[in-house]
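The following blocks contain the structures, represented as structure tokens.
Two complexes follow with chain A in common, the first pairing it with chain B and the second with chain C.
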Partner chain A sequence: MANSLRLYLTCIRNTLDAAMCLQASLEFRTCLAVFLKLQKLLLQSKVQGYSKRTSENFPCQEVERHNKPEVELKTSPELLLNPVLICRNEAEKCLIETSINSIRISLKVQLDGYFIVKQSDELENILAKKFLRFLSMRAESFQVLRRKPVQLNGLPVEAYAGYDISFLITNYHCEDMHKHKLIDFIVQFMEDIDKEISELKLSVNTRGRLVATEFLKQFV
Partner chain B sequence: MAEGFVDDENLEAIVTRIEQKSRKIESLLKQSKPVEALKTALEGSILKTRDERCKSANWIVVHRAIMAIKDVDAMLSYLDPEYYDILMKYLYRGLATGDRPTCDQCLKIHEKLTEKAGLGCILRSLADTVNTV
Partner chain C sequence: MILLQSPSRFLLQILQDRLLSPEKGIDLDCHSVEFDDVRYHIQFSTRNPQVMVLSVSLPLPPPEAIFFDGLPFGAIDAIKTAYGSVVQILDPPKDGYNLTMKLNLSKLPSVEEQRQALLVKIASVREVVLGAPLRFVLKNLSAKTVAPEMDQLIALVHRPKESFFLVPQPDKVTVVYPMRFQDSTDIVLATSFLQELVEARRTAGLNNAPSCMWSATPPLELKAAPAQALTANAGFVTFVIFPRHVEEKKLDRTVWSLLTFHAYVSYHVKCSEGFMHTRMRRRVDSLIQALDRAKSESEKAKKLVSFKRLSLNETRSNSNS
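Right, the complex of A and B next:
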């Protein structure tokens, strides 16, 4: 199981590398927890005057003086690259859409034990939804996060509509931040999501048990 | 962009050719030669057609060959570099299916192929909107 996760993340990393035309090798690995720590990683990746650039500044072709992320609008097909869907299994997938000045990465996370237990765990579904909504609402501080996950089905084959969380990386982000660190951020995010949700679930169950024990003591 | 793309009359010919190819591949797989099978599957791929039937038929054949591969390193050393791009496009098509064994196999091959062919291979499969799989 761990090996397939490693292969999945490697595949996503390589694809993002190519989509952003990177050449740097990816050695950076740290252990980060949710929100504040992820934000710290993002701040660490800020740099001045990084010369290697690919997602280039491309002003809007239709409207003068406008500069829009082409991957969101999809008005001109010549500016878009083939969208790529990378599935790890039936429940977990990652859609990467690239354009001349921006990249959109949409993730659908699988919850632990879904396929082993063969029953949907309502608590995990609720926790995941709330947690990802919490992050999306604070998208300003993450900068590359999109406020709403992508809902439309962009591909002709089995890409089911509906993702849990989406990132939008524009050329401005690439100018401000190291690209390999942006990719590290995204892959780290994916690794940490599962861990965080399991921890949340554990703490909810623990709290519930403690409260119930205390409350029922009065009846003993 | 009509020129360069295959006409409708030739579609039947292509589908027949794909069927012949699949028979040849089945026989190669029976002889436990998965690597030759994959090479045969990739060889006749018509990329310039827009017809979904041809693409699906070819995909089924290539998928069969990919799932039969056990030794990825040997396969990549045997395969000519000109087929790397086509293989990468088929790998992405495999990854999009969402079927667990297919995705596992495709992820395995993807990692090794990226090491061998480099990021340019991935970029060509992303950027090529004309020759799609």
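Right, the complex of A and C next:
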């Protein structure tokens, strides 16, 4: 179990490295085979001119004096790279969409109503939902967090194709913060979500056991 | 505090304070509300400083659990037995209350221990009044009999418009609680707690505790119950109480535990949610710290420099003026 988490996170880390530092990797030729494959994946069938550099300041092409994160608008296909979907299992996946000046990372961490849910999973579900909503409400202090997770257009919120939490990293964030530290933060965030949900579940079970024992002890 | 306490701290505090200074008569008129909609109204007047007028309002009973004269079955007898000559029940009770009593504090026993015990008993008026029918049935159980008027399915009030059910038999009493909660998170947490209850019974050392079962559908004992009592979003809990649980010394505690079972579970569900919020806030703080580490040094230095400049300017302007 823990093994698959490690692999999943390493894969995401490498993809983010490729997505944010495309320029640098073309020059220095890092030797990770996956890394180069990812570059190919991201660059496939796009106009070569624009896709050499990512995460740099790019004013809006359509409207004068506007500067928008292109990954959110998706109006000009030449500014977008291929989105990459990394799945850990049926329930958990990560979608990374890149554009010339911004990156959007969407995570899905739990089962939803489409699949049959066991009792213990139901507890995990509401704990995950509670925790992620708690984080999303504080998106302002996190800066790179999006207030609402990414939904597929036209489908209702509960549809199985939506995500649970999303990040939006723009070129401004990349200027303020070191890129590798930002990637560290995202990966640590994902580890922390997993850890926190399992710890919350453990605390609920422990408390339940204690409460039950104290109650029954009164009769003995 | 894990277990809910039987004497109301509010009442006990007022009684003890009054007895510390019996001669000084101060007017007192206050209200209090407790969990599950039980209200108290306490009055002291300067004319009779030793007499306390206590009014109690009970939760609204559902249609299947009836009150006789506004009080549960056997409540008047229970009050007279518990308080003796200290109490005088006023009929009719004050407007909006189910029971009004006059307590003569000068008639309290002079022996310190007995006096303290009676004060605690007065503060446990909720257990005495609401728990009267339950006490009656359980007392019969300890004598291994069943009273003729109490041998069918009995519905007793424990929350506003909700009741729990008893099935008295000569050798055991089965108690069934339909558990209802309003919030969806509450329902899931309560269900997990109740299932832990069943698990905990199986561990060693608790073999003497009443056997308990949980089911999502109404158990067989509730066949005769009205339909609206059979919907419960967190399932049904069944306890089987045997005579050994209601011996002399254990009777009061058993009555209180069974009377406030739903309130106990609800209390711990809420505590759990509060604890989860504290944890989540702590986790948010640690994540924000991690994000701050990602900020480049120049950003942080820029902020420090601007503060420095501000303070230097201030001191210069101060020395000039």
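One rule holds in what follows: the second predicted complex is superposed on the first by the 152 of 220 C-alpha atoms of A that agree within 3 Å, B and C clash if a C-alpha of one lies under 4 Å from a C-alpha of the other, contacts with A are read in each partner's own complex, and residues count from 1 in each chain.
Throughout what follows, contacts are C-beta pairs under 8 Å (C-beta built on N, C-alpha and C of every residue); 3 or more make two chains touch, one makes a residue touch a chain.
In this text, all values refer to a predicted model and were calculated from it rather than measured experimentally.
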In the superposed arrangement, which partner chain does A:Arg138 touch: chain B (first), chain C (second), both, or neither?
second
By residue count, is chain A touched more by chain B or by chain C?
C
Contacts for A:Cys11 in the overlay, against chain B (first) and chain C (second): which applies, first, second, both or neither?
first
For A:Gln188, decide between first (touching chain B), second (touching chain C), both and neither.
second
For A:Leu202, select first, second, both or neither according to whether it touches chain B, chain C, the two together, or no partner.
neither
Output check: A:Thr98 vs chain B and chain C. Expected answer is one of first, second, both, neither. What do you get?
first
Given the touch rule stated above, what does A:Arg88 touch, chain B (first), chain C (second), both, or neither?
first
Interface with chain B, chain A side, in the complex: residues 4, 7-8, 10-11, 14-15, 17-19, 21-23, 77, 81-82, 84-90, 93, 98, 155, 157-159
Within their complex, chain C touches chain A through residues 2-3, 184-185, 188-189, 191-193, 195-197, 199-201, 203, 205-206, 208-210, 212, 245, 250, 253-254, 257, 261, 264-265, 268, 271-272, 275-277, 279-280, 283-284, 286-288, 290-291, 293-296, 299
Hey, which residues of chain B end up touching chain A in the complex?
92-93, 95-100, 103-104, 107-108, 110-111, 114, 119-120, 122-123, 125-129, 132
In the complex of these two chains, what residues of chain A are touching chain C?
119, 122-123, 126-127, 130-131, 134-135, 138, 141-144, 176-178, 181-182, 184-185, 188-189, 192, 196, 199-200, 203-205, 207-220
